[in-house]
Structures are given as C-alpha cells and as structure tokens.
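Please find the structures below.
Okay, so chain A shows up in both of these, paired with chain B first and chain C after.
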Partner chain A sequence: MIWTSLDSWIVIAAALAGASAALVGAFLVLEKMSMMGDAISHAVLPGIAIAFILTGSRVGGPVLVGAAGFGVLASMLVHVVRRSGRLDDGAAMGVVFTVLFAVGLILIEQAARHVDIHPDHVLFGSVELVPLTVVEIGSMVIPRGVAVLAVVLFVDLVVVILFFKELRLVTFDPALATTLGFNATWLHYLLMTLVALTTVAAFEVVGSILVIAMLVVPGAIAHLLTRRLAPFLLVSVASAVLAAAIGHVAAITVPLRFGFEDTNTAGAMATVLGLLFFTALLVAPERGLLTRAWTMLARRMIVRTQDVLGLLARASERSDGDGLSVNEFRTVHRSPFAARATGLRVGLMLSRIRGFVRREHGRYRLTERGRAAARRVLRVHRLWERFFHDVGKVGLIDLHPAADYLEHYTDAELRDELEKEFAGTDTDPRGNPLP
Partner chain B sequence: MMMDRFMRVLMLADYNTRIVMFGTVLLGIAGGVVGTFLLLRRRALLADAVSHAALPGVVGAFLLAVAVGTGGRSLPVLLAGALVSGLLGMGCVMLITRFTRLSQDAALGIVLSVFFGFGAALLGIVQKMRGAQAAGLNSFIYGSAASMIRTDALLIGLAAAVVVVLAALLFKEFRLLTFDPAFAAGDGWPVGRLDLLLMSLVVAITVLGLQAVGIVLVIAILIVPAASARFWTESLLVMVLVAALIGAVGSYLGTAISALAPRLPAGAVIVAALGALFLVSFLFGGSRGVVRAMITRSRVIRRTVRQNLLRVLYECEESGLDHDADEQMRYLSASRRWTPRTLRRMLRRLEREQLVYRVPGEQRQLTRTGRYEAMRITRNHRLWEVYLLEHADTAAAHVDHGADSIEHVLGDALVAELEEAVPRFGKTLPQSPHALVQEEQGGGS
Partner chain C sequence: MQHDAPALHIRDLTVAYHRKPVLWDVDLDVPPSVVAGIVGPNGAGKSTLIKAVLDLVPRTSGVVEVFGRPYRRQRRLVGYVPQRETVDWDYPINALELVAMGLYRIIGWCRPVTAAYRTRALEALEEVGMAEFAHRQISRLSGGQQQRIFLARALVQDADVYFMDEPFAGVDAGTEKAIIAILQRLRERGKTVFVVHHDLETVREYFDYLVMLNMRVVAAGPARDVFTSENLKRTYGGRLTLLDRAVDAIGGSSS
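On to the complex of A and B.
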C-alpha cells in the first residue's frame, strides 16, 4: 500500500462528509424520516444541474443554493401530493423524487456538453478528484471540497448545539412539545434545509445514493447502542469517521488481494458502514442478537443446574447422601425436566463443571459446595410454596409448578423478604421441612 | 428530416423499434398493474430497496461470468444475479424491522444504500479490469431501451406479460389482500402466501425493468402510474386499468424519445414522460385532481353565498324593510360581511337568473320563482334551528350559526327527517326562533 498526501486528503474529505451527514441524519433516524433523506438527496439534482448550466461550475455558492432550494421544494411537493392524492408518505416520496431525479439526469446530460460532468459523478461521487482542486486560505493550501465540507460541518454543529434542547424535545416527545405550545414546523424545515445542504456538500465526495448510507446507517448504529441523545450523536459521528478511514484503506488494499486494481472509496465506505451496522446488530450490549441469545442461554444453563440440585436435595432427604443414577432422577418428582434426557444430561454436566456434583460408579452425589447450593434452591422452592399457599390461597396441587418456576428467578433480596415473611415457619404447606 | 425520423419511430416503422417497444410497453403495463397493489399496500419504497439491492447482484454475476470465461453480457445471467441480491435485500429489510426497534424506513435506507455501495465498490473494480466490457453494465444503472437487443426485449416483454396474466387471475385475491387483510385471514385465505406472491411479482417487475429503466429509477414504473391513476378513480378495477394505460403510454413515449436522442439516459426519459402524465393527472384527474377539487370548491362556495343572499332577501321582506332601497341595502350588507361591491355583483347575478327584479323605487323584489326558492332555503334553515333548540339543547343565541353551517348540504331525505322531528309545522314555513333585526339597525317592523 502506498500512502500519499492525496490519500490523507481523501480520508479527511470522506470523514468530514460522513460526520456532517451522520450528525443531521441521526435526527432523521430518530424521527423515523430516513427515507426523506433519500428523497431529498435525489430531488436536489435538478437544482445542481441548473446551477451547472447557469454558472458552468461544479461547486460553489450557486450549486448549494440551487440544491437547498430544490430540497425544500421537494419536501413541500411530497406534502402536497400526499394530501391531495391521499397517498401514503412512501408513495408520495417515490413519485416526487424519481421524477425530479429523472429531470435532473436529463439536465446533467445537457450540462455535460459545457461542463466536465458525468452522471457517474452524481451517482457515485468522485472523492478521488477532491484533492485536485485546491484553494488557498491564508498560508494553507487545502482542497476546495474539504474547505466546503468543513464549513458545512461547522454550520451543522452550530445549529445542533444551539437548538439541542428543542431538537431533543421534538424528537423524543412531540406530544409534550405540542402541549408546551412549541411549534415544531419551523424546526422541521430547518432540519430539511440542513439535510439538503449537507447532502449537496457531500455529493462531490459520495454521490447521491451513497450519501443515504452516511445519513441513515450511522444513526441506525447509534440506535442499537444507546438511548440518550448526546451519546447517540457521538456514536453516529464516530462511526461515520471510522468508516471513512477503514473504507479508504479497504478500497486501495482489499481488491489487490484478489488480483484486481483498487476501487472507489465511497462504495467501500458504505460497505464498511454496513458491516459496522451488522456487527452492532449482533453484539450490541443489551439489544444485540448474539447478546440476547447468550443471555437467554446463560439463563437456561442456570435453570438446568438448579433443577439438578433441587432433585438431588429432595433425594438426599429420603436416602441420605446416596445420590441418584440417571434413571433414578426420573422417579424423584416425576419432574418434566428430568423426563427430557438431553436437558438432564446438560444439567448434570454443568453441575459437575461448577463442582456441585460428582459422579461415582454411575451415581451422582452432591459435593460439599453442592449441598449448600442445593439446600438453598430447595428452601427457596418451599418458601414460595408457603407463600402461594398462605398468602395466595393456592391449592396444594397447583403449588409446585409456580414455585418451580420462581425458584430460578429469586435473587438474594427477594429471598430475604421471603425469609422475613415466614420467619416462624419451618415446614412447607405439605409438612416437608425447610432445609 | 427530424420530423420524418420522429414519425418513423412513433409509427413503429422499423422492426427493431417495434420489438423494443413491445418489451417496454408490456413492462409499463405490468408495472402499472402490480404497482397499483403495491401502492395500496403502502409498500411503495420497498421496491426502491429491492432495485438498489440488485446492483451487487448484477455486477457480481458479471464478474462470475467473466471468471468462468463467458463474455458476461448475457441478460438472463445478470438478471438472475439481480434477482438473488434483490431478494436478499428484501430479506434484510424484513430481518432488521423484525429484530430491531428501527422503523421500516430506516431499514429501507440502510439496505438500499449499503447494498448499492457494495455494488458501486464492485463496479469500481470491474471498470478497471482489462478486457471486460464494463460499458454494458452502465445500461443497468441508467437504463438504455435503445440498445436493447431483440432477444432481450422479447424476454422482458413476455415475462411482463406473464406477470400481467398472473395479476389478472389473482385480481380478486389481491383486492381482498389490499383492502382488508384481517378479514381475508379470518375468512381462511392464505394471506401470508398471497402477500409473498404479490411481493414476488414486484421483485419480478423491478428486475425486468433494470435493463430498460435502470436501477435508480426503476421503481418509478411501479409507483408513478399507480399514483397517477389514484387521481382519476376510486374503484380498484378502473385504477388498475388506468395505471396500466398510463404505464403503457409513458413507456411508449419515453422509448420513442430515447430512440431519437440516444445520448439521453433512457430510464430518465421514460420516467420524465411518466412524470408528465402524473402532472396531468395531478392537475386534471377526474376524482382527486387539483383543478377538479378547486372547481368543486368554488361551486360549493358560490352556491352557499347565493342561498345566503336569497334567505337574507326573504328575511328582509319578512321584516318589512324592503320598501326603501337604502334601507334594504343596509339590511343586506349588515347581515353578512359583504362589501357593497360583492353585494351588487351577486344581486346582478340573481337578476340574470330572474330570481330578483328591480322596481322603479330601486329596491329589489323577489320574483315568484325567487320567492319560492328563498322560502325553501329559509324553511330548511329554520327547521334545523328549531331542531337544534328542541333536540340538541342548543342555546337560542347559537342556533343561527349552527344551522348556517349545515343548511346548504341538507338533502331531501334529511329535510324529510327534519319535518318528522318537528312535525307541528307541517309543510308551512316556521317563524324565525330568534329576532331577525339586530339592535343597531334600529326598530323596524
């Protein structure tokens, strides 16, 4: 890999574009308007094309103004079409943005006669060309695209910081905002203007479709990881910046491994964002799919172990310390758990690993540690039976299943409460002693 | 010269044009038909995610075909790739909405942009490959009806025809699914499978449209004709037919124009043509069109104003204030917020309708027809006022206003019901339950 200052500028441009898109996009995700970003990013095209044709330049003020104008126009058109046609949001957006985008593409084709512009630039962006046009600011020579993106990011940041409280209110509790007499409409259009502005600035870097990845995916990642607005924005921006760096490195290294030449950074950046999202989807604390599966598995393992201990504790009340063979487990309580061979085997294995149970001549016996743990399980079980019988007036036949379930979900605090409640008692409702 | 070529294309003089036209027009029809159900199921943007998700499939299939040594430009292979990754994208949307708390449109945004990004990265590789004709892939992004070869066009057209036939056969089932899925499920219809079938048809149209319209805009052939048809009718069957017609005309125009100007991106031209048809529907549609709505609205307003004026004229006569022109004008303009100019204009209109005439003393008098009409309106108003007073416990000070807002839309059936509710008046005109002359006008009568 050969890294030059061009590469650094590309990463900086991509990171700036990603950061500003992720910042405003976070609000789109939170307000469930992600596809509005899609609609706006397509609909600004005619504005850009007209500015091209009029000024002959690909970047600069007129392009930004034209694009922002068409962005706001598009969100108004969506509103009008939806209302007069009584269509849903999706259909109204679908009509408006496809038609505007089509008009834009045709106009670009016309503009291409005068300006060096190809529809590919619009669709995929051309971050590779960003370092080639430079401006001088003071004594620094920096790419023009980078300067524009830095300004846009600054504007986005200032607006978000200034209106942080208002945005939080409108995003998380629109009903409360209305009750407080707060008018959300102007904030909505302010946000739409920011989206349009950011989209256009990011256009040169990532193109009209991949900008949606920058708008939506970082917000979605944050959505999986946090519930509070400030960390949400931080995670969102951080993942976009991270994706910019990894994306560019991947674009210039990964294809080479397969015997191809390098590919475009924007596509790789979107792919990396997708992978980051997928990772978060799997391993996010609390909400990740694997995290949730692991929590459930761990819980089931505890339940299995406790079931084994409970059965052994009951058995040892009858035949002192003799233990049980696998077959005898099934006779102890006609327990539905022991009737399933695999469940029982897993429980036995886990109990042996934890050192609660040892196996001698095909019989399973409690160890010293196991005896204490088993006594605790059985005691909690019988305390619950006591509770349901005395307080809940549950009949004797129905006591066992409820207690059997709750015994696994009783923490120390709840156990203390039960102990306090039945301090004077030393038997369960059937007369069995509390161990 | 130009005109001549234009006519040749429109008249389908060339065999090749005819075949391409056959393909795109059938595609337009199929898009309209399937799109109608998609639109009414409120899933319009799902097709957008599917079409964008098709890019890595197309490019991947191309790379694979090049790797095994075939040229890579075989349409069925590329479409198969598109189908696989499009379905994969749809599956991802469903998984994300099912397993996270993200809203569906976030899931759509994620899938369409990430898949498209991955496709763009693959495309970047292909474009730098020596010997591979990556140019052909461009037609999948921007669409190119003109460069379609004959067998491709035939394939697309026939497949679209199959989709149309399927949709026609399942019309009843799809209607049920669209309007009342809960009822359909309760009635024992396999709602899940029908929904899956409908979505498969959507995916089929999306994939078939890639070559002609291109990835970015292909959803337009599903959404735009159906959305246009929505402005013309409230009946599903008519909507399907209108959408099919609009789809066909849009594709026909778009293909013709792009045959004449091959430099323009064909997909964009077709979508722009569809967009023009949408604009026409939006403005002039017979059911929800904007102009139609405006005309209806202004008609209602004019009728309301006319009825108000007639009633006020009658009440003026009833109060005995119609002997002097000035006094009459004062009464009329005080009763509503009419400026003297509007008042004079409306009176002139009533004169033209011969409901009112002017006697030499310059004040207006109701003609026989005019009085009859005015009495009918006044009677409706007062029946409603009495009804409000006696049955809805409305205060006397409020009944005038309450009746005002409803009297213009009372039908014969409702008036008959009112007569039954307050039967003591029979067919006569009741006295006004409140004073007609307001204080500042001074005591009249």
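On to the complex of A and C.
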C-alpha cells in the first residue's frame, strides 16, 4: 500500500463528512425521521442549481445557503403534504423530494449544461478529487472541500452543544416541549437546517445516496450500544470516523489483492459502516443477538447443573455419599428434569467439568466442593418452600414446582433476604431439615 | 394570580379534525383545589380536550383561561402528563434525565442541567418512590414505573394546574394507589388536577370533581352531584341520546 498526503486528505475529508452527518443524523434517528435525511439530500438540488444560476459558482456560501433553504422548504412541504393530503410520513416525503429533485435536474439541464456534474459524482461523490482543489488559509494550504467540511462540522458541533438539552427535549417529547414554552417547530427546523447544510457539504465527498448511510447508520449503531444521549452521539461520530479510515484503506488495498483496480472510497466507507452495524447487531452488550443467545445458554447450563446437584443432595440425605446411577437419577424423584435424557446428560457433564461431581463405577457422587454447592441449592429450595407455605399460603402439593423454578434465579442478595426472613427456622414445611 | 378566578375556564371551545367536530361548544368552569376526573366513552374527545387547552391541537374556536388569564400567558402555571405511549421508551435517556426535563423552562434556553437541578429531580423521584431507579434507562422500567417517573416530571414543574392523560392506563395496583396518594397531596397543597380516566368504579373514590364528556360536556360539577345514572346514560349512550333529543327537537318544532 502506498500512502501519500493525498490519502491523508481523503481520509480527513471523509471523516469530517461522516462525523458531521453522523452528529445531525443521530437526532433524525432518535426522532424516527431517518428518511427525512434522504428527502432533504435530494430536495436541496434546486437550491444548488439556483445558486449556480445566480452566481455562476458551483461551490461556496451561496450554494450552501440555497441548499439549506430548499432543505428547510422540503421539510415544511413534507409537513404540509402529510397534513392536508392525509398521508403517512413516507408517502409525503416521497412526493416532496422526488418533485424537488426533478425540478433541480431540469434547472441544471437548462441553465448549466456546461457544468461538469456527472451522475457518478452525484451518486458516489468524488472524495478522490477533494485534495486537488486547494485554498490558502493564512500560511496553510488545505483542500477546499476539507475547509468547507470543517466549518460545517464546527457549526453542527456548536449548535448541538448549545441546544443539547433542547434537542433532547424536542426529539423525545415534542408535546412537553411545547407546553414548557420551547418552540418545538422552531427547533425542528433548526435541526432540518443543519441536516440540509451538512448534506450539501458532505454531498461532494460521499454523494447523495451514501450521505444517507452516513446520516442513519451511525445512529443505528449507537442505538444498539448506548443508553444515554451523550455517549449515543459520541459512538455515532466515532463509528463514522472509524468507517472513513477503514473504508479508505480498504478501498485502496482490498481490490488490489484480488487483482482489481482500487475502488471508490465512499462506497467502501458505507460498506464498512454496514459491517460495523451488523457486528453491533450480533455482539452488542445485552442487546446483541449472539449476546442474548449466549446469556440464555449460560443460564440454561447453570439450571442443569443445579438440578443435578439438587437431586444428589436429596439422595445423600437418605444414603449418605452413595451417589446415584443414571437410572436412579431418572426414577428416584421422578424429576421432570431427569426424565429428559439430554438434559440429564448435559447437567452431569457440566457438573463433572465444574468439579462438583465425580463418576465411580457408573455412580455419580458429590465431591467436597460439590457437597457445599449442593447443600446451598437444596437449602434455597427449601427456604422458598417455607416462604410460599408461610407467606403465600400455598398448599404442600404445589410448593415444589414454584421453589424448583425460583431456586435457579436466586442470587446472593435474594438469598440473604430469605435467610433473614427465616432466621430461626431449621425445617421446610414438610419437616425436612434445612441443610 | 387572581384567586377568585376559576382554575380553568373554557368558553365555546370547538375542535375539529378535517372538518369533523371532535369537541363541540365546550363550556367549563372548574374551581381550584380539586382533583377533577374527565370521563366519557372512547372517542368522546377527552384527550383532545386536554390537548386543545394546552395548544397542542388547533382550536376551531373558543377561549381557554387559567386563573382568569389566557392560557398562553399562564403556561408556567400548567403541568402536563401525556399518555405513556406517546413517547419512545427506547430513547437513550435515564429516569433522572427524563424527570429533569420538567425543569427545562426554569433552567432556560441553552443552559445546562446542573447538579442543583438534578437534586430537585431526584427529590421528585423520591416522592414517587422511584429514587433507586434514577440511573436506569427508561426502557428497563415497568409500565407502572414509567408512569411514576412521568408523574415525577410533572411534580418538578411545580405547576398550579395539572393535566394528566390516562395516568392509570396499564399500571399495577400499587402504582395506582401511589398516584392517587400524590394527587391528593397536590390538592391539599391547593393544586388543581385534571385526570382523564376510564374506570367508572373508582370515580367516586378518586375524584371530588367530575367532567362527563361526549363531544359536548354532558355534566360537570362536584362528583357526588353529577355522577348519576341519568348522566352516565347520557354520556355513554352518546349517539342514542343525541338521536332521542333530535327526535324531541323535531317533534317540538312541528307541534
């Protein structure tokens, strides 16, 4: 891989575009208005065209202002169309942004035929060209695109920090915002202005389709990983920056390895974002699909082990230390758990791995360690029976299943409470001793 | 604040969605220091009444005054507890932060929620028995717990008039009792509370004032006076009674 200053500028531009889009996009995700980013990113086209017709320039302040104006106009029109047309959000956005986009295309066709706006650049952006146009700021020479994106990110940051509390309020509960005297409409359009500004600035780098990925996917990742707003925004921005760096490296290395030419950075960036999202979807703490599957499996393994220990503890009350054979496991207590061969086998295996149980001549016996653990399981079980009998007034015959269930979900804290409740007691409701 | 003025005064309030009237000619005068129930069948406009008072839905016509002055100028005296399902409980925010939202007006634009405000929010959480859940994300609370923190958010506003939209919907018996206790404490402090309510069996027990609504105000007054089977029939047999009265009116005009 050959890394030049061009590559560094490309990554910086992509990271700035991604960071600003992720920051404002996070609020769209929270407001459940993600596709508004889609609508606005297309609807700004007439603004760009008109600014070009008036000033003859494809870049700079007038274009940003024109685009921001049309972005806000689009979000207002969506609101009006939804209301008076009695349509859902999606349909209203579909009507508004396609029409505005078409108007923009016609304007560009007619008035700006000679401008070099290639469909490719509109769709995918042209981050690779960013370093080629430079501006001088003081003694620094930096790519113009980077300068514009830095300013936009700065504006986004200032607004989000300044109105952090207000944006949280209005994206969570707009009705409360209104009754508290915070103008929800005003704040909504402030956010839409930011989205429009950011979209136009990022447009040049990542293109009109991929800018939507930058607006929405980082927020979706953060939604899986965080529980508060500040970390939510940080994770959004961080995943966009990470995707920019990994995306560019991937774009210039991965295809070469397979004998192709290097590929489009923006495309690689969005692909990386997608991969980050799916990784989060699988392994996010608590909410990840694999995480949840693993938690359930681990819980089931604990239950199986405790079931084996409980049966052995009861058996050793009768014939001390003699243990049980697999057949006796099945018959002695007619336990529904032991009746299922797989469950029993898994429980026995896990108990042996944990060193609770050892097998001698086809019989399973508790080890020293296992005896203590088994006593605890049985004690908790009988304490629960005591509880349901004394406090819940449950009849003797119904005690066992409830206690059998709860014994597996009793942590140290709950056990202490049970012990405290029945401090003077030494038998269960049937008169069996508490081990 | 003029103390001789009613806590809530509504004159000629009409609300229509797409030209279909939802509320029709509502007149109300509710005195301060009462817990007022708003009851009526589904679609009677109970929530709409609250939202129209709070400027959350446009009014076709009518005047709303709180303690003798237009609502818009009395906003800081009014607290609102929306229906629980109107917000996204997956939002990345914890119970304490949600309650602190009630203080945003006092905190003001662009100023951060400082430790002093967080302490006030925590006190409100204590009042509803939720202090130990202050730092829990709101999706990890039960329905009853979510309703309690909504209530705490209203309490920190320290309003004089509260509007609560179905605070008892989907809550456990313990929460219902806790909410009622808080409503009664609010009344003892001279506050006025409006509660959209569904369970007619508890009306007498919970409310000392009652608004019976079915597009129009069928009856309003002290609960023991207006909670009669006659009024119930007129409220819940809505369309039927309207028809009866229309027949009466036609009969009356032709004779």
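Keep this in mind: the second predicted complex is superposed on the first by the 415 of 435 C-alpha atoms of A that agree within 3 Å, B and C clash if a C-alpha of one lies under 4 Å from a C-alpha of the other, contacts with A are read in each partner's own complex, and residues count from 1 in each chain.
Convention: a residue touches a chain if its C-beta (ideal position, glycine included) is under 8 Å from a C-beta of that chain, and two chains touch if they have at least 3 such contacts.
The shown structure was predicted, so the numbers you read here are calculated from the model rather than taken from an experiment.
Counting the residues of chain A touched by each of chain B and chain C gives the higher count for B. By the document's definition of touching, neither partner reaches A:Arg257: not chain B, not chain C. Using the contact criterion defined above for the overlaid structures, shared-chain residue A:Met33 touches chain B, although it does not reach chain C. Once the two complexes are overlaid on the shared chain, A:Arg86 sits against chain B and chain C alike.
By the document's definition of touching, neither partner reaches A:Lys393: not chain B, not chain C. When both complexes are overlaid on chain A, the residue A:Lys420 reaches neither chain B nor chain C. In the superposition on chain A, A:Ala266 contacts chain B only, with no contact to chain C. Of the two partner chains placed around the shared chain by superposition, chain C is the only one that A:Thr226 touches, whereas chain B remains out of contact.
In the superposition on chain A, the residues of chain A touched by chain B in one structure and by chain C in the other are 32, 86, 223. Of all residues in chain A, those touching chain C in their complex are 30, 32, 86, 162-166, 168-169, 171-173, 175-176, 178-182, 222-223, 226-229, 231-232.
Interface residues of chain A, counted against chain B in their complex, comprise 29, 32-35, 37-38, 42, 81, 84-88, 90-95, 98-99, 101-103, 105-106, 109, 119, 123-124, 207, 209-210, 212-213, 215-217, 219-220, 223-224, 251, 255, 260-264, 266-271, 273-274, 277, 281, 287, 289. The touching residues of chain C, when paired with chain A in their complex, are 18, 51, 54-56, 75-76, 78-80, 82, 86-88, 90-94, 97-98, 101-102, 104-105, 107, 109-113, 137, 153, 157. Here chain B touches chain A in the complex through residues 39, 42-45, 48, 52, 96, 99-103, 105-106, 108-110, 112-125, 128-129, 141-142, 216-217, 219-220, 223-224, 226-227, 230-231, 263-265, 267-272, 274-275, 278, 282, 288, 290, 293, going by the rule given at the top.
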